[in-house]
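For clarity, chains are labelled A, B and C in written order, and residue numbers in each chain start from 1.
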Amino acid sequence: MDEFLLLTVSVITSGLLVGTIFSVVAAGLSLIHGTILLPQAANGQVFLGAGLLFWLFGTTFEWPLWVAVPLTFLAVAAFAFATERLVLRHFYPLKDRNISYLIITLGLAQILSGVYTGTFGKMTDTFQIVPPVTGFLVLEPFPISNARAIAFALAALVLVGLIVFLRMHRIGRALRAVFQNRDVARLRGINTPRIYRFAFLLGTMVTTAGGILYALAYALDLSVGWTMSLITFAIMIVGGPGSIVGALCVGLVFGFTQAIVSVIADPTIATFAYLLAMLAMLFVRPSGLFAR
Amino acid sequence: MNRALAIAFVILAPLVVLFTAGDNQFLVFIVGITLIHMLLASGLNLLYGYTGLIPLTYAGIAGISAYATANLSMFGGLSFWLALPLGSLLAAAVGVLLSLPAIRLRGFYFALSGLVIQSAMSIAFVYFPRYTNGDTGIASIPRPTLFGAALPSPWIECLLGVFVIAVVGVVWLIMRSRFGASLIAIREDEDLARALGVSVTLNRTVSFAIASFIAGIGGGLYAYYVGFVSPRAFDVLVSLNIWLMAAMGGRATLVGPLLGALILAPLPFFLQQYTWLKDVIYGLAIILVTMYLPSGIYGYLLKRRARS
Amino acid sequence: MSGDILLDAKGVSKRFGGLKALSDVSVTQRRGELIGMIGPNGSGKSTFVNVVTGALRRDTGEIRLDGLDLGALPQHKMARAGIARTFQAVRIFETLTVRDNVLNGLLGHAVSTTEGEERMAAALARVGLKVDPDASASGLGLYDRRRLEFATRLVARPKLIMLDEPVGGLNPEEIRAMIALIQSLRQEFGIFIIEHTMKVITSLADRVVVLVNGNKLMDDTPQAVLKDKAVIETYLGTGHA
C-alpha cells in the first residue's frame, strides 16, 4: 500500500482526535477564565485526575462503565465544589483577582501533582485502561480503533453540546453575557457569584470529560497534567478567553500540528511551537483571535 | 535596629546549626541549601516585593547560570571565582531580555508570559543536551577551591553565608537609594510615577538585571554546592516556591525572604520517603498565604506592632 | 517676544480610532498668566492635558515650554523638563507616608537628600498641610489629599502645573481655600487649570480657552467668555452652569 497515503490518513485521524480532546479541555479552561477571570493553572491536573480516577474505578477496581464514569464525574465535582467554596469565592469581589487566581491555582496544581505522585505514582508508571470496546472500525482500507473513534465522537458531542447550551439555554446565555461584559451583566440583574460558581463547575466537568476521553484513547502518565495545562493555556490565549469556537478552531490546529510534528520529529517541538504562539499572541493581542 | 537584629538572627540560625552539627553531613547540607534559598528569595524579593512583578522565570534564569558555571568550570577549565561571576552576568543578560514582556504586559499577563517562558526554558534545558546533558543533568561538578584546595564543610557553608549577607546588603542599599524609592513608586502607581518624572522602563529593566544577577549567583552556587544540575532543579515549581519563600516571609522586607527560606527550604529534607508531601505542603502554603497572609509573617508582625 | 511665553502649544491634534478628540488646538500661555480651560464633559480637556504632559502621544502639533521644543519626549522626560500635572481623581501613593509621597515628587530630579527634606517641609507648609509627615497618606480626607497631591508637584519646582479639576468633590469652604491657595502660587509657577466649575475659572483665570468637541471655540478674557452666546448655550445645553 502507498505508505505516504497511510501516513497522511494516520496524521489526519490522530490530529482530529488529539485536536478535539485539546479543544474540550481548553473549552473547560476558557469557560472558567472567560467568566470568572480565573486562569485555572490546575486545569491540566484536574484533567489528569479525571483520567486517573477513571482508570482506578474502571480498570483497577473493574467496576462497570456505568459506575466508573458517573463516579469519576461525581468525585471531581465534589472537589470543584469544595475548592469554589473554600478558596475561589473569596476573591470574586477583587478586580485584579486573576493574578491571585493564577498563583493559587499553581499552588493547587502543585498539591494535586504531589498527591498523584504519592498515590497513583506508587502503583505504576503508565495508566492504560482496559478499553470497554475492542476491535477496529475499518474505513477501507484503514483500520481505526473503535475506542478512539468513540472518544472522538464523544469529544465532538461535548463541544457541540457546550456550544448549543451557551447559545440556547437561559443559563448558558447568562454565562455568555458575563464574559461579554461583566458590568452590564450585573446591571441586567444577573447574579454573578452564582454564575461564577456554575461556570467553575461546568468548566471543570467539561475538563473531566476531556480527561476520561483521553484515557479512553491513550495511556496516561503523571507528566501529562502539566503539559495539558500549558497546551490548553496556549489554546485559550490564542483563541481568546471565553470563546468556545476559538478553543475548537485553535485546538484542532494544535492537534494537527502535534500529529504532523510527531511524524517528523520529537513532539516536544510542537509544545515549543504552542508556547511561542501564545507568547506572540500575548504581545500582539492578549484578548485572542476570536475575541469580540 | 530591631530589623538588624532580626536579620542577624535569621542568618545566624543556620550557621549555629552548622557548628553544632559536628559530623552530621545531612544537617550541614540542609544548612547550605537553606542559605542558597535565602539568597535566591532575597533576589526575587527585589522584583516581587519592591518592583511588584511575579517573575515565574526566576528559576530558569538561575538555571542558566548554573549550567553556564558548570560548563565553564568543568569544560572551560575556569576556577569557581571566575565561572560564578561570568555565569551570573549571563543570567543578568538573559534576565534583561526576559524583562522585555514587562514593557507591555502587567500583572496577570506578565506572570502568564513568565509561566510560558519558564516552561520553554525547561524544555530547552532538556532538548539542548550539548550544554545541559538533557534529562540526566550534569553531575560531579567540583567544589570551589580556595588557595588551590577544595573548600571543605563547614567553610563552604560559611562562604554561602557571606554571599547571603552581601546580597541582603545590596538589597538594603538599593532600598535606601533613589532607585529603590523609584521602584516602590512604580509598584504603587505606575502612571503617577511616570507623571512625576520616573522612567518606568529603565528602572524596571535595571531591577531585572540586578535580580537576575542575584539569581545567577544563586544558581551558580547551587551547581557548585550540590555538584549536580538537572532541569528539575530549575522548573516552574521552583520559581513558584522561591516566590512562596519571599511571600510567606514577608514581601518588601529584608527579613521576610530570609525567614521564608529558613522555614520552607529545610522542609523537604525532613519528609524522608514522603517527599511528595513537600508539594502538598508548599501548595497549601501558597493558597493560605495568598488568602490570609498577603504581607507575610514578618509583614504581619510589623503591622501588629504598628497597631499596638 | 518668545522669552515671554511659557507654554506654546501649536496645532495639537489627537485621534482615538475614528474619534477626533482634539483638532488643531493651539494655546499660548504667557509667563505669569493663569489660563483656564473649560468645556463640557468629553470636550477634550483631559486629552489636552494628557497630550501636553506626554501621557498620550499627539498625532500632530508642536509643544514648546519656555522656548524649548519638547518634541516627542516620553512622559517622564516631559515631567523633568518642568511640566507637572494633577489628576481629576486625586492620585497619591496610598500606602506610603505623607513624607514619602512628597519626596517621590523629586524622584525624577537631581536633588540631594538634605535639600529634598527642606523642600519637602517647605512644600507641605506652602499648601498648608499640617499633618504628621510620617502618617500614612491613606488616612487623609479629600481636601488634604488634594493638597498633598499639590505638594508632591510643587516640590520639584516645575515651570508649569496643569491642574485637572482641582476643586472636584470639595465643599464650598474648601473650594474658597483652594482658590486662595492657587492664587498664592501663581506668582511662582505657571498654572493651567481645567474645570467645569465656572466660579473657579472666573475668580482665577486671566484668560479662558473654551473647548467643544475637541475644537477651540474661544480664547478670551473671562468676562468676554461669560457674555458669549455660544458658550452659554454649550453650558446650558449640557446642564452645567
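Of note:
Here is the rule we go by: a contact is a pair of C-beta atoms (placed from the backbone, for glycine too) under 8 Å apart; a residue touches a chain by one contact, two chains touch by 3 or more.
The structure presented is a predicted model; accordingly, all values stated were derived computationally and were not measured.
Of all chains, C has its CA centroid at the greatest distance from the CA centroid of chain B. Highest C-beta contact pair count among chain pairs: A-B. Per-chain CA centroids place chain B at a distance of 44 Å from chain C. Measuring from the averaged C-alpha position of chain A to that of chain B gives a distance of 33 Å. Centre to centre, using the average C-alpha position, chain A and chain C are separated by 52 Å. Those residues of chain A that touch chain B in the shared complex are 39, 41, 87, 90, 96, 98-100, 102-104, 106-115, 117-118, 121, 230, 233-234, 237, 266, 268, 271-272, 275-276, 278-279, 282-283, 286.
Residues of chain B that touch chain C in their complex: 178, 181-182, 184-185, 188-189, 191-200. Per the touch definition, chain C reaches chain B in the complex via residues 53, 55, 74-77, 79-80, 84-85, 87, 91-96, 100, 103-105, 107-109, 152, 156. In the complex of the two chains, the chain B residues touching chain A come out as 54, 101, 104-105, 107-109, 111-113, 115-117, 119-120, 123, 126-127, 236-237, 240, 243, 274, 276-280, 282-287, 290-291.
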